[in-house]
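For reference, the structures are reproduced in the following blocks.
You will see two complexes here that share chain A, one where it goes with chain B and one where it goes with chain C.
Let's look at the complex of A and B:
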């Protein structure tokens, strides 16, 4: 294992171990995502019949909103005991710290999606699993793009007093293309026929966004973390 | 990479219009303990942060032996240990897990041996698997010091290490710092507590409004 990959693994494993002890982020994020889906279900499901095409938007709103909650905590734990300073003094590649944090949050968001996607499929009678592989691809690519930007902004805001307010204000405008591509790709998958090529096109666009966002984040993380 | 002295050469650091350090020059040698005294806001923590490479001077230069901070990179950071007023520990993890994590971050060999030695020196071998959140301030401080010394740093920076400790804990900390000095470590600490360092430091410097007092 290279030094970079080893550092990523050490950071991710520590974050997951802390989360396994507290379950703070997982439970709050999951609770928020489920609440979000249920509230929308009360609004958009009438007499057992959901409003058509609502499922895709609601799924991605639940992921984005609950993801924002989780992202707000990514660097918060490193701030409490000032462990972030200890990590910044350590002889590690700082982008490896970013990637380690990103992988940790992706695993948490994947756990949330494992619950939320079937819930949306059930509540909105959406055939989200008819093209399961493509759906997983859209979810993975969309979540990576959203979390890549969110992790960088969470790092930028770690010393800001109003970080809880600033994170969504900064995050949503930048990640709008990711959320739109996720919604349109998922909506295309739910079309009775002819939606697959469109879903693949949106997936390709999400992968493009991921490459751009991760490249920019790796490039800017070091200066962002230097006071 | 190794060095046997730390030099601040005409170092100034400003935050906006506030000048936290004002043309500070000093040199400290290996195997010595230097205490930085001064009131709150005098610039002590800023000086430590610059020495730790966490902050860059606005002007002036910091040299680690023959090496400048700007070209030291990871190799230089590997030779620096720091203990802040906040202890740089994860309260959700046990003492052993904290030390193990930082040993792996530093890519140290013989991780388990180092962790066992750190726990022994901190007097926490029998509490190794308890989460840090349940420790007293003194226990946390001892563990944090071993965390900072885990990689045998050449330069050890301590920000108010005696705060909140009882007499026994202060005695243990002083003894551990003497051990570090005997091992050739450059120790620089900040404190308000002159009594705590009276028979410990080789040199005391006072910072007032960002300047070294004569």
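Let's look at the complex of A and C:
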């Protein structure tokens, strides 16, 4: 294993170990996501039937909202223990630090999605698993895009005042393309026929977004995190 | 040199804005939309000035992030504030026109949505600078950089989603009487933007100097 990969693994493992002891972020985020879906169910179900096309939007809003919460909690823990400063002092590559945190958050969000996606499919009678591979691709690419920007912003906001409200304010306008592509791609999959080429186009756009924004984040992480 | 240019540029800009309404009045009526089309001279000119301000802020932020030059940060904040003000003008004049021309105040069209998202990002930039505490200039610079990289993605996604707004290709096809008036208004807004940017960077420079003096006096 090269030095970079080893550093990434050590940081991810540390985050997962800390999380495994209390499971605080996982359980609270999961419960928040379920509550979110439930609130939308009250808003978008009429006489026992969901509004058409609502499932895709509700799924992605639940992911974005709970993702913001998880990002805030994960870095609040680092701030509380003054451990982010220790990580920054450590003689390791800054990009490896960023990737390590990103992988940890992605694993956390994947665990949340494993519960939330079937829940949305069940509650809103949406055939999310008819094209399971494309759906997983959209979820993976969308979550990576959201978390790539989110990890950088949550990390840099650790030192800022009013960070709780700043994270969504900064994150949502910049992840608008992820939300649009995720929702439109999922909605295309839910169409009875002819939606597959469109879903693939949205998936390609998400992958392109991921590449550009991870590159930018790796590039800016160092100057942003240096005091 | 900046100081000597400022007053004449301001006077020219003021004169252009005083004369612009007469030119717009004299310009021919558009055949289908009539009087309401005249808002175009300010709406599209503001849109161009918005791109200038956003580009100044984005480039200033990128330079500041990697070189830490305070002058770049001053340009970035001036550009961001101007983007918020001019963006508001674009977002107010647009619906006024759209309501008459398309029958709706707002539509989720590509240009409108991407302008709104860009405007929100610059608002977030200013909020972060104001309420983020010490060191937030650097964080705000990263936001501006990400915001700028975001524009093509927003544009593409909304374009696939839906579109209604006229394309930029209408500008070369303007009637002769409209064309002169339009470019005159663009010039007026560009000049105004330059004057405001100069004033705001100078103000920011003095503010930073004052901060440094306060810190020195406290030590």
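In the analysis below, the second predicted complex is superposed on the first by the 227 of 227 C-alpha atoms of A that agree within 3 Å, B and C clash if a C-alpha of one lies under 4 Å from a C-alpha of the other, contacts with A are read in each partner's own complex, and residues count from 1 in each chain.
One rule holds in what follows: a residue touches a chain if its C-beta (ideal position, glycine included) is under 8 Å from a C-beta of that chain, and two chains touch if they have at least 3 such contacts.
All values reported here derive from a predicted model rather than from experimental measurement.
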item	value
First, second, both or neither for A:3, with chain B first and chain C second	first
Partner chain in contact with A:45 - chain B first, chain C second, else both or neither	neither
Which superposed partner A:152 touches (first chain B, second chain C, both, neither)	second
Touching partner for A:26 - first (chain B), second (chain C), both, neither	neither
Partner chain in contact with A:14 - chain B first, chain C second, else both or neither	first
First (chain B), second (chain C), both or neither touched by A:88	first
Touching partner for A:107 - first (chain B), second (chain C), both, neither	neither
Which superposed partner A:204 touches (first chain B, second chain C, both, neither)	neither
Footprint overlap on chain A, where chain B in one structure and chain C in the other make contact	227
Of chain B, residues touching chain A in the complex	49, 52-56, 74-75, 77-78, 80-82, 84, 86-93, 97, 101-102, 104-107, 131, 147
Complex contact set, residues of chain C against chain A	65-66, 68, 117, 120-121, 124, 127-128, 131-133, 135-136, 138-139, 142-143, 145-147, 149-150, 153-154, 156-158, 160-161
Touching residues (chain side chain A, partner chain B) in the complex	3, 6-7, 10-11, 14, 17-18, 21-22, 77, 80-83, 85-93, 226-227
Residues of chain A defined as touching chain C within the complex	149, 152-153, 156-157, 159-162, 166, 169-170, 173-174, 176-177, 180-181, 184, 201, 205, 209, 212-213, 216, 220, 223-224, 227
